Amino acid sequence: MSDPRILTVRPEPGEYAWTFGGSAPVARITPGTVLDLFTEDCFAGRVRSTRDFVSEVCDFPFLNPQTGPFHVEGAEPGDTVAVHFVSIEPARDWAASTTVPLFGALTSTHTTATLQPPLPEVVWMWQLDRERGTCRFTARDSDIEIDLPMDPMHGTVGVAPANLEVRSALVPDAHGGNMDTPEMRSGVTCYLGVNVEGALLSLGDGHARQGEGETCGVAVECAMNTVVIVELLKGVQTPWPRIESDTHIMSTGSARPLEDAFRISQLDLVQWLARDYGLSELDAYQLLSQAGEAPLANVCDTNYTSVAKIRKEWLPAGEPHRGLHRHLRETAAVLTR
Amino acid sequence: MSDPRILTVRPEPGEYAWTFGGSAPVARITPGTVLDLFTEDCFAGRVRSTRDFVSEVCDFPFLNPQTGPFHVEGAEPGDTVAVHFVSIEPARDWAASTTVPLFGALTSTHTTATLQPPLPEVVWMWQLDRERGTCRFTARDSDIEIDLPMDPMHGTVGVAPANLEVRSALVPDAHGGNMDTPEMRSGVTCYLGVNVEGALLSLGDGHARQGEGETCGVAVECAMNTVVIVELLKGVQTPWPRIESDTHIMSTGSARPLEDAFRISQLDLVQWLARDYGLSELDAYQLLSQAGEAPLANVCDTNYTSVAKIRKEWLPAGEPHRGLHRHLRETAAVLTR
Amino acid sequence: MSDPRILTVRPEPGEYAWTFGGSAPVARITPGTVLDLFTEDCFAGRVRSTRDFVSEVCDFPFLNPQTGPFHVEGAEPGDTVAVHFVSIEPARDWAASTTVPLFGALTSTHTTATLQPPLPEVVWMWQLDRERGTCRFTARDSDIEIDLPMDPMHGTVGVAPANLEVRSALVPDAHGGNMDTPEMRSGVTCYLGVNVEGALLSLGDGHARQGEGETCGVAVECAMNTVVIVELLKGVQTPWPRIESDTHIMSTGSARPLEDAFRISQLDLVQWLARDYGLSELDAYQLLSQAGEAPLANVCDTNYTSVAKIRKEWLPAGEPHRGLHRHLRETAAVLTR
Amino acid sequence: MSDPRILTVRPEPGEYAWTFGGSAPVARITPGTVLDLFTEDCFAGRVRSTRDFVSEVCDFPFLNPQTGPFHVEGAEPGDTVAVHFVSIEPARDWAASTTVPLFGALTSTHTTATLQPPLPEVVWMWQLDRERGTCRFTARDSDIEIDLPMDPMHGTVGVAPANLEVRSALVPDAHGGNMDTPEMRSGVTCYLGVNVEGALLSLGDGHARQGEGETCGVAVECAMNTVVIVELLKGVQTPWPRIESDTHIMSTGSARPLEDAFRISQLDLVQWLARDYGLSELDAYQLLSQAGEAPLANVCDTNYTSVAKIRKEWLPAGEPHRGLHRHLRETAAVLTR
């Protein structure tokens, strides 16, 4: 790749997108463009202390602001957009997490509807030490403090959905969106199937770190400075968002009940193995059954998200997408030198 | 601990249990006893070649033979039995896996009932190299062969259930049973709440390795030589099976839909953290949301099983069960010296 | 049918069964026997006023007492036991319903586990007017009273389960058990597949009436005087409990999530239509899709239960089970003359 | 009501809407307007013989054409639009139903994903006898024919969704949409909460009849001539679509898994009873548990839909929405005189 074009986007407050689809692009980019982005946190930056309750300071449905969308030139339905995460760096030295009334895995919700009152609304402020790479949990009901390693990621990355739809940025589905998987960290390439001309890629919802399942519904929410390289794979279909790291290939599925999210992710990985690694579907099913990892992403959003992953070193010869991930890693290495 | 009693049990074909509860104990043991066991594979050893279809060679409901049950002296409802896995070693140099008609995650089943015919019945024979610690996948539809590291585990460990019930050895639930989690490997301690006098502990269903989710419904099924130490924690309640390793504490939940298995495991770990580590429930909820791992165990059995785990090094001071796991590790080290 | 044998059973407090399977039969009966039974309510008669909270007056797991089991002579696996409900009459002039902590559809539960506290425990006493056939709802938080028609039914009827299991009387599954469908009223015939020699039939859990779904988890619970005729269909398989009324044939499915209960019941009715009415499976699928009713039974028990039903008058010529239901109706008419 | 305004809309092929939200209104109407509408069938009229397979003749995502949307003047978020169905009459003397690959309750689907091939694609043409009010099922694999009573209904009625979203007309959710409940027949009033200015009401997807659950995914699909009266209830909130007939009030819930659809519908009806009939929430919970009906609507669409209903004659004094339904019935009677 020759000298990559770099586009810097740091949106002003009124310039975020709140949906996938339905928003005018902020820029047109050519494949190969490096995007140097600022993303606001899922609260639009409004939760800044333990007294800032989401139900009071946030303005529904203006949650989960997205930086974008970007129109990728030449992208058409049937193609795949590849988003390589070069770096994801917290933009502040604090982050916030909260309970949200009737949201999360260990509470009844608007859909798992019960007559019980919601859990109390509590905010936890996390201090980030960017030098040491840690984030500090401060308990609210005792004087316990714990330093955890940071592991920055994006909860949300996606394109405009199919079927003429516009979806809230809080929703994960086949177009990507709010998948909330810790696997979306720097160094990986995310593959997204294109549904509309230009793809209309956007991302946001940075997390300084997140547990698998995102149990309380909210991660260590943090504004981010993020660099990605966007590429285009013409004529390659990607039915559900896929992720490639140096060590693994991964498929995601987003649905309810959770077993359907699992089924989608597993079937997609079986079919990926069959397409790119020369295994029959049943042989791939067997191999994945014995060699796969299945970390949950979120069990709290509109759809739940499950990840199916397998180590590349355990696969037969084969490299998906003509080595694009390896190539992007090299480009990224030059960028971050 | 003084010189531990060692009891060796290698059942004859007619001496296995097929249920949790409802079987007469094969032995009475005192807490601290070391059990040196042979366990047969889930097929009762009947799948020995790629021509041995489960639907033809197995004799329903005589699947998943259990070695045991053992009556633990002094165990009463409200207590906890601890099972420390000293070693789990394949007893043969081969193992088997199969598709089973209308069983598994990527097929309709007797409960996820459809009008579609079942998938073809296919057997994969795996060769084990116990010296190198690998097991070899041999594809059926191509000449691909792949060596994977062995990671021996028990799919099934449990006690007699509550509520006067007797459950098939194929079922995972609050009594343990067929949880099928790769976390049940050597070096861990499994805690099981006692429901009936003597607990009636048994185990079986060895796997040379298994992917998370056990997608096709069957792991690399293998007879095992397994050594465990059985202890008793008087007056300690364990609502759902828990596991402790040197690095993590873990809770399991088994239910359908899968989100309920997830909820159970997460709530149990929150309550464990609150009981033994001085966190309030809401603080534990927040910490787990950011620091937890959520690997799926099985998404194919009568109930699905999800595991919630967290690193001990990230927890406040506190040691569950008066350091029993550490103590058992030391005893095990002496045994295996 | 010649003069039918009549067996009267009114159990003493210690003589109930609390499980399906695992209990010694109270009597051996020949096919054609009329059983004249007393069944206690699901609380074992202990909730007698609005101050009698289940959590205080009941003795877990001794809930849902069953009258039986009855060993049906000649019944073997592969056969079907038919239970015709001649009459179901409340044995008292009151009935009780309650909320039960962490049980019911509009609360979190032990499996749909949350951090929220349970709903308050409240008891409603219902007055029955057996002459007018009404039962009176008395609100607890206002002076509202409402008379509803009685529609007596049995929540529980079943046989010993397959797979060597013993299940709590609170569980519905393929063996029947706690299906809690209002369709189990007088005048219908229930078909149950036999899993063990003698079938081991029992029933209980009378409801003066119940809404579809049994939302709060508890119906208008009432001791009953119930007369049934028990018949045996040799060599007829019944995979899931089926019900025949004068107007409809019905299949039940019990599973979680609820869509699986629905799928089971619908597939079973499709296969029943194909077996007894000359339709192909796909034609039956289409007919049921347009002509079927799908009333929910319970969405609160260990498994949820869905009913698939279709009007006989809309079916092609064909009479299941050689006209047994019609025959039993005639016998019942003689009995109740 | 004075002389009602009548607006007739018979769209040309290019004039249908394919989404809720995101389409420009075809007309602005004042509350009280009578709409005299033609609605095309869900296949856009393209399935006309048993050789017309959906996978071949239909043009995804252009399925389920909606007549509308109508901008209701004065409608704002927080209000409720009432749609009274005066008449629903088949516009042709035939209707069509089909299996659709990987769609329906008794097949694996794109979300309940399996490795099995789809069921065969089969079309059933139904002959309608509008004079006798019957529709004729013609089996494909035998010479069986069955006349069923027609019971015309609309599968789809809804408004623009909340949260800035645009949803496919195939989706049911809180905005209504593709609920596919047989309760949406002539004589009922449907209440829909307004999410955007003007509400943007549309409807379509007529069915000559449909079974509960719409098991195969497709009803007896039919173009309709339908007359509705549209009213506006200022300041009345309707969280989920509600239906009122002469005999019942009903709430709907649309979600996955199916128990969540059930929970939503039941909780909504409990809260409706509490708001308009003077019962406490717990008393309403008890009353509904014993007096409610719970017919399934669809168990095949993007979300499943469950209906909770209760007889008005069993309710305490109270009339929802100031007697609007009764009033609309009278207006309708004048119109159809």
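Letters A, B, C and D mark the chains as written, and numbering starts fresh at 1 in each.
Note that a contact is a pair of C-beta atoms (placed from the backbone, for glycine too) under 8 Å apart; a residue touches a chain by one contact, two chains touch by 3 or more.
Just so we're on the same page, UniProt names per chain: A, B, C, D = Acetamidase/formamidase family protein.
Remember, predicted model here, so these are calculated numbers, not experimental data.
Shared contact partners of chain B and chain C, listed by label: A, D. Relative orientation of chain A and chain D, expressed as the C-alpha superposition rotation angle, is 180° to the nearest 5.
C-beta contact counts were set side by side for A-C and C-D; C-D has more. Chain geometry summary: the mean Cα position of chain A and that of chain D are 35 Å apart.
Averaged Cα coordinates give chain A a centre that lies 48 Å from the centre of chain C.
If you average the CA atoms of chain C and of chain D, the two centres end up 33 Å from each other. Taken residue by residue, chain D touches two or more other chains at 106, 112-115, 119, 256-257, 263, 266-267, 270, 282, 285, whereas all remaining positions touch fewer. Partner chain A is touched in their complex by these residues of chain D: 18-19, 21-22, 60-61, 110-115, 162-168, 170, 253, 255-257, 260, 263-264, 266-268, 270, 281-282, 285.
Across the interface of their complex, chain A is touched by residues 97, 99, 105-106, 119-120, 122, 124, 137, 139-142, 144, 146, 148, 209-220, 256-259, 262-263, 266-267, 270, 278-280, 282-283, 285-296, 299, 304, 306, 308, 314-316 of chain B. Residue ranges on chain D touching chain B, taken from their complex, read 106-108, 112-119, 257.
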